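Input: structures, listed below.
In the two complexes below, chain A is the common chain; its partner is chain B in one and chain C in the other.
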Partner chain A sequence: MSVLIKEKTEYTPRIVMDSNKHLIDIEGDSFPENTYDFYRPMMDWINSYFSTVYNEITTVNIEINYFNSSSSQLFFDFFDILEESVKNGSKIVINWIYVAKNESTLEAGEDFCEEFEILNINMIEKQVV
Partner chain B sequence: MKEIINESPKIKKTLAYLEDFIDTEHGELHENVETLLNDYKKKLHRLYLIIKQSDNKQLQLMKLNEELDKYKNNLEQKVEEEILKRREKEEMLLKQSRMAAMGEMIDAVAHQWLQPINIISLQSSILDEIFKRGKLDKDYIVNFQSKIQKQITHMSDTLNTFRNFVRPSTKISTFDVDKMISKVLLLVEDEFINNRINIETNVVKDFRLSGNENEFIHLIINIINNAKDAFNEKNINDRKITINILDNDNIKSIELIDNAGGIPLDVINDIFKANVTTKEDGKGTGIGLYMSSLIAQKYNGILSVENVENGAKFTFSIY
Partner chain C sequence: MKKLDFLKLELTINDVVLFDFNGIVTQNTIVSISKAIRAILIESVEEEARVRTIFALIIEIMQNILSYSADSVDLGNNRCKSRGAVLISHSSGDNFYKIHSGNYILKEQQKPLEENLNRVNAIAIEDIKEAYKHQRRSGKKVHSRGAGLGFFDMVRKSKNKLAYRFHKSDENNRIYFELDVKVKGAKKL
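Moving on to the complex of A and B:
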């Protein structure tokens, strides 16, 4: 059981991965200098996590307002892992959180919903006061 | 020819290999190619989605840039609006400050007028007695007129100074500082005598200022009125205000020094900010010195303050 935390920066999101709580949180903007280097610990952690988790429901919250194309590509890989895990019996709830006026993030979430029909992706609109 | 081919053992072997390949290997190859093709299609579709998402983000950034441009274009207008608002606010503060000073000056004028009215009344009341005694000759009348005229002139001067002060004026002129100070003293003289405050003016070297004289009168009155209030609040016995007019090495200055105990150190650095007062609750508006400081700045001058022995020293300097 492990916890991985990466603090938010101007260009990268805050990442919290807690195997005790069965929780994955990604929040912020994503423009890393090297996307694959930045996300590698997260991808390693997630591969390791889903090889050990069985009946528990894992919650994945993703709130990314702005992201570059290499981040977009990485999210496809990320969802591939989740899809594979669901096929292997894992129970995952995914919340794609977007700010009401941010249409491009809404559309990106819809793309992921269509591309990964097997996954349970909830589109959650967030109101900003 | 066909027969020859069929009969050739090499060709027979080859055909058998091909038949075997078509039956077994081709199926596997077909499957592999199909898998590769599906994978390629999937990746192509994802690439299309990534490009679409990237385009959407770019479009969003372009819209944000447009908004930013609009905001930049409006910025100049907003700055002008803010300047106008600030100017209106300062004018309002100046008006409030002027009203506060006006109240005190009405008292001053009333005091100023009391003595000449008493003198005129006295002169008038003894006129019939003089006549009865047969002393009402030409010399007496000339002398009488002179005395009355002197008092009326004094009253008229007081009133004119007061009127000039309270009337909003934008008139710019060049004036002597010692004469401007004399006008201030004329306005406050009796009030300060009543409060047992001695004002001493030292014209070390006079100079001239350009601007609205009333605003400078206002600046000086704000400072000496504060000193008067401090004397009364602290119940100080020996009360003195010294006004020095100096012109040293191109630095022209007016010093106003009192012995009213000085300004508490915790507020002295903020004393020229709006709403800062050292007076008891409800007695000070916190406007007077703020306005004085603004007036000084308006004419490229500096109003500063420091504590000196037993009191405070305000200096208006202009380079």
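Moving on to the complex of A and C:
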């Protein structure tokens, strides 16, 4: 069981991965200088987590305001791992959280829904008052 | 002495320069510049969605300069330092924002770069979303600095084709590369 936390910076999101709570939370902007290097610990964590989890439901919350093209590519790989895990029997709830007036994150979420139909990604509109 | 190249632009009386930069590019410069541009555009009372598009384009363009320019130097720990120019103008004539950028590339980079740009520009704007998704699928698990999606992303976000020019420089092995991305303004400035 392990917990991985990366604090938010101006160009990277806050990442919380908690195998005790079966929770993955990603929130913020994503345009690191070297995307794969930045996300490598997260990808390694996910790969090992889904190889050990069985009946528990894992919740994945993603709220990305802006991501650059290499982060978009990275998140494709991330969803690909989730899809493989679901095919292997994992139960995953994925929430894609977006602010209504931010069309590009809505569109990005819809893109992932179309690409990974098996994942049933929930599109959740966040109200900002 | 080596001559420093600048953007070769012909601005008219209808063009307002909103931002002009020529210098050292690092990840921190990109963060500062993108924030400054966001503030300038918000001041210009541009619509939020448009501000977000231009912000995204600036980051994409400057991260390309950071990674692919001939001046890109590896600082270790996966950090680079590079050099380039970015100028943003708004033309009241056609209500377009234009993001002009320039940086040196090595001579051997010109052909593959030109091929990439032509490949993206050959796609009709209405087909770019599908082409972007196709490109992303084919780039799966390709762990390079860039994902090859950058130009697709620029066309998709700007809803316009990319303009580019290559100029000879004083040094034989270098070419000055200019890229222009334009975005239709939502409001009149």
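Note that the second predicted complex is superposed on the first by the 129 of 129 C-alpha atoms of A that agree within 3 Å, B and C clash if a C-alpha of one lies under 4 Å from a C-alpha of the other, contacts with A are read in each partner's own complex, and residues count from 1 in each chain.
Operating definition for what follows: a contact is a pair of C-beta atoms (placed from the backbone, for glycine too) under 8 Å apart; a residue touches a chain by one contact, two chains touch by 3 or more.
Worth saying up front: this structure is predicted, and the values here are computed from it rather than measured.
Asker: After lining both complexes up on chain A, report clash or fit for chain B versus chain C.
Answerer: Pair status: clash.
Asker: With both structures fitted on chain A, tell me whether chain B or chain C touches more of chain A's residues.
Answerer: In the superposed model, C touches more residues of chain A.
Asker: Output check: A:Phe116 vs chain B and chain C. Expected answer is one of first, second, both, neither. What do you get?
Answerer: Neither partner.
Asker: For A:Ala108 in the superposed arrangement: first (chain B), second (chain C), both or neither?
Answerer: After superposition on chain A, A:Ala108 lies in contact with chain B alone.
Asker: Between chain B and chain C, whom does A:Glu10 touch in the aligned arrangement: first, second, both, or neither?
Answerer: Second partner only.
Asker: Using the superposition on chain A described above, determine whether A:Glu33 touches chain B (first), chain C (second), both, or neither.
Answerer: second
Asker: Check the residue A:Trp45 against both partner chains and state whether it touches chain B (first), chain C (second), both, or neither.
Answerer: A:Trp45 sits against neither chain B nor chain C.
Asker: Which of 19-27, 73-81, 109-117 or 127-135 in chain C clashes with chain B after superposition?
Answerer: The overlap with chain B comes from chain C residues 127-135.
Asker: Between chain B and chain C, which residues of chain A are contacted by each of them?
Answerer: 66, 68-69, 72-73, 76, 102-104, 111, 115
Asker: What residues of chain B sit close enough to touch chain A in their complex?
Answerer: Those in contact with chain A are residues 45-46, 49-54, 56-57, 59-60.
Asker: In their complex, what parts of chain C are in touch with chain A?
Answerer: 27, 30-31, 35, 48-49, 52-53, 55-56, 59-60, 63, 66, 78-80, 129, 133, 136-137, 139-147, 149-150, 152-153, 157
Asker: Can you list the chain A residues touching chain C in their complex?
Answerer: Contacts found on chain A: 10-11, 31-37, 66, 68-70, 72-74, 76-77, 80, 101-104, 111, 114-115.
Asker: Spell out the part of chain A that touches chain B in their complex, as residue ranges.
Answerer: Result: residues 66-69, 72-73, 76, 102-104, 107-108, 111, 115 of chain A touch chain B.
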